[in-house]
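Read from first to last, the chains carry the letters A, B and C; within each, the first residue is number 1.
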Amino acid sequence: MRKRRIGAMIGVILVIGGLLGIGYQTRAKSATGGSITAVGSTALQPLVEAAGEQYSGEKLGVFINVQGGGSGTGLSQIQEGAVAIGNSDVFAEEQAGLKPSNLVDHRVAVVGIVPIINKETGVTNLSTADLQKVFDGTYTNWQQVGGKNVPITIVNRAQGSGTRATFERWALGGHKAKTAQEQDSSGMVRSLVSTTPGAISYVAFSYVNKSVQALSLNHVTPTNENVEQNRWRVWSYEHMYTKGQPTGVTKDFLAYIMSPKIQATLVHQLGYIRIDQMQVDRSVDGHITPQTQR
Amino acid sequence: MKAKTADKIATAVFYAVAGLVVLILAFLLGYILLAGLPKLSWHFLAAPAQAFSAGGGIGIQLFNSFYLLVLAMLISFPIALGAGIYLNEYAKQNWITNVVRTAIEILSSLPSVVVGLFGFLLFVVQFKLGFSILSGALALTFFNLPLLTRSVETSLASIPNLQREAGLALGLSRWETVTKVILPAAVPSILTGVILSAGRVFGEAAALIYTSGQSAPALNFADWNPFNIASPLNPLRPAETLAVHIWKINSEGIMPDASAVSAGASAVLVIAVLLFNFLARWLGNRLYKRLTAND
Amino acid sequence: MDKIKTQLQQTSQATHSERRGRLISLSALSLIVLVVIAIFWFVATKGLATFFENHVDFWSFLSGKTWDPGVKNASGQPLFGALPMIVGSFLITVLAALVATPFAIGTAVFMNEIEPRHGAKIIQPVTELLVGIPSVVYGFIGLSVVVPLVRNTFGGSGFGILSGTVVLFIMILPTVTSMTADALKSVPRYYREASLALGATRWQTIYKVVLRAATPGILTAVVFGMARAFGEALAVQMVVGNAALLPQNLVSPSSTLTSVLTQGIGNTVMGSLQNNALWSLALVLLVMSLVFNLVIRLIGRKGALR
């Protein structure tokens, strides 16, 4: 009885081991040709993921592994060299706790950010001065800016998020929004604003849909053309950082994303603004230089 | 007379409370199923997800969820079983045992995001397992062990000592008594614990975002060689599960039918847990009958 | 003769398997203890770095009311006041447990003592099913049902402690109920028979014998429920409002330790002051659940039937 059980166990182990061995021998060797990992910004993830899939389809055996986790995660992992590419919504120089000198910045797209409000407030345009007063708590009712009699509810993005940093810097003139509700993700913010009377928040252009009202600022409408000419000033770059100059698959993949093929199709379809159409260049400290055609 | 009145009132109160709870639970289930059922179709269950256009499915995510569940259970159940047996059958009632119990309970209160980050730094970065099913399964093991151990322990504790004494009186060793008498008798309630924790594993998102990752590369379902990257069985591939997928499309999804996909996926998740539940119960009953000669 | 002697003096096969079994089960337990120690050590080193490396004043961390990482106050101390989150977490957990416990006990008693046939058949599978619903889904139901309800009934934005409590109450109810039912089941049958034979009514038996005997088990169930409520992040984050403000009332937006932790962790760089501060929150979480646990154990020891 006992011996038979042991015999059976050895048999099972041998069969499984044999199968694994056969599997290992016959594995598709091309699949191990090269794989790189890109980690970070959830806002940039869909683009890199889609581009990575397309890239793997063209170059057989190369695998691009794309993960989210937030800009902070992306930057800390690229700093430690644990991944090939770190995706970020903000300049590495703007993140505390980094030594940005050994990181190389690759700007692959631009994202426009727009204030959105609940549709029942009756407001479609604000001056930047009014917007600041809404966000610092000076105004408490939409009546004060010509809307209906609904109290203002501010919904912020999470502290440290790239969208919030961009919005506070370029829409609120560097002033901090007052402490209020916070939500981490664009989808959550949008559904909050659409269901809460008098709510205001801000999202990337691609998240605006019929359920919310996008605001014009100083009568400039939030369109891609206005961002490209810097008339709409609330925008930021999407960065893909590498540690040192990229080589091999990483270099090839970054060039692939920057190629007009991807910029004209995926970048546009996913709601980003093409980097090669930007007519201005903005540095970390906000210095604007007109961009000559690339 | 007074005692009888109190008894009647209490019975009525218990009926009311149970009724209310059933109502709440029924409302929840109904809400999820009603929102999600219209979306369900074979296409939805089998098709891969779409990043930015409508009409995506959840096929890969569904498979990943089950595979991850099986792996996590394979790792965590034996450990929990052993630990539960030791705590209930061998450990002496002293302060060390108490400290161990408290530590296990506290482990269960850790927010899953902390477990996820711990798993990320340890498995993904340190052990170089990468964003993979294996990392996810190990992180889920951490997260699963307290509940599972505790439920094994209470299941064993609920077997009357008479059975142990009978086993020992027959000349069986303690270990033999446990494996041949106590464990079979405890199968149904251990199973309840397994189902509960399986449900939690199935619905867990935060611990997996940083370990098994949030991308689901295309799988080749004709390739069952676990060493190929496109094989469904490869434990080292990144794998977004259903719960992570729901979280992701709710937070950053830009496909036009995001809310419908999310509702459909939630309904699928509930139905999957339901099926799993029935299956486990049926298996458990058969096992119980075979092992204990109870009819 | 010699053969029998050697056989008798040999350790028997049963003893061998006994030793092996004991060793296996002990090593399983040691593995768990090791995991617990590893996580504790990990959270503690990261969490204490805020105080030892970044020299944040421990007292101002616990009692400060402004959470604004990256900004420094007049005296050069970063603004890490965790009080609003600590109060928020504490309130939500305690309230949710307070509401859920009577419901859970009532339901468990119903399915165990009053209607064992129907109760166990319907309620138990349903509760087990609900444990598997991802917290994101709970959060969304909270957002689309609970928040508007609270807003229309009590005014305010609807986001706050009250909505969080309701969502958590529903979330932990299945866990607490099924664990309480297990505890009731493990009360030996002759306790009930003895009580009924003494002429006690069913209610008296339940109240004076069954519940008393099951007290430690019920308390464990509550601890587990509270633990889940305490550590829950995604669902609470959706309905609590996440404003790092001290709650003025039950319907003003506030925040919990987990909601701030979850939101911030991806946006900060490992090893930076902001990141360490978030780990300190995790440490607070750990210590607070330790305290909860000890308190409940103390109560359990006093209330248990001897």
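By our rule, a residue touches a chain if its C-beta (ideal position, glycine included) is under 8 Å from a C-beta of that chain, and two chains touch if they have at least 3 such contacts.
All figures in this text were calculated on a predicted structure; none of them were measured in a lab.
Asker: Compare the CA centroid of chain C with every other chain's and tell me the farthest one.
Answerer: Farthest chain from chain C, going by C-alpha centroids: A.
Asker: Pick out whichever of the two, B-C or A-C, is joined by more C-beta pairs in contact.
Answerer: B-C
Asker: Measuring from the mean C-alpha position of chain A to the mean C-alpha position of chain C, what distance in angstrom results?
Answerer: 34
Asker: Please work out the Cα centroid separation of chain B and chain C, and write it as a whole number of Å.
Answerer: Chain centres of chain B and chain C, defined by C-alpha means, are spaced 17 Å apart.
Asker: By residue number and range, which residues of chain A touch two or more other chains?
Answerer: 42, 68-69, 73, 80, 184, 188
Asker: Would you mind listing the residues of chain C that make contact with two or more other chains?
Answerer: 262, 265 - these are the residues of chain C that touch more than one other chain.
Asker: Specify, in ascending order, the residues of chain B that touch 2 or more different other chains.
Answerer: Those would be 250.
Asker: Enumerate the contact residues on chain A facing chain B in the complex.
Answerer: So the residues of chain A in touch with chain B come to 20, 23-24, 26-28, 31-32, 35, 37, 42-43, 45-46, 49-50, 53, 63, 65-69, 73, 77, 80, 82, 184-188, 206-207, 269-271.
Asker: In the complex of these two chains, what residues of chain C are touching chain A?
Answerer: 66, 68-71, 143-144, 147-148, 151, 157-159, 237-238, 241-245, 253, 255, 262-275
Asker: Which residues of chain B touch chain C once you look at their complex with the stated criterion?
Answerer: 3-4, 6-7, 9-11, 13-15, 17-18, 20-22, 24-26, 28-29, 31-32, 78-83, 85-87, 89-91, 100, 102-115, 117-118, 121-122, 142, 145-147, 149-151, 154-155, 157-158, 160, 172-176, 178-179, 189, 192, 195-196, 198-200, 202-206, 243, 246-247, 250, 262, 266, 269-270, 273-274, 277, 281
Asker: Spell out the part of chain A that touches chain C in their complex, as residue ranges.
Answerer: 42, 68-73, 75-76, 79-80, 95-98, 153, 158-162, 176, 179-184, 188, 191-192, 195-196, 199
Asker: Could you list, by residue number, the parts of chain B that touch chain A in their complex?
Answerer: Where chain B meets chain A, its residues are 51-52, 125, 130-131, 209-210, 213-215, 217-218, 223, 225-230, 238, 248-254, 258.
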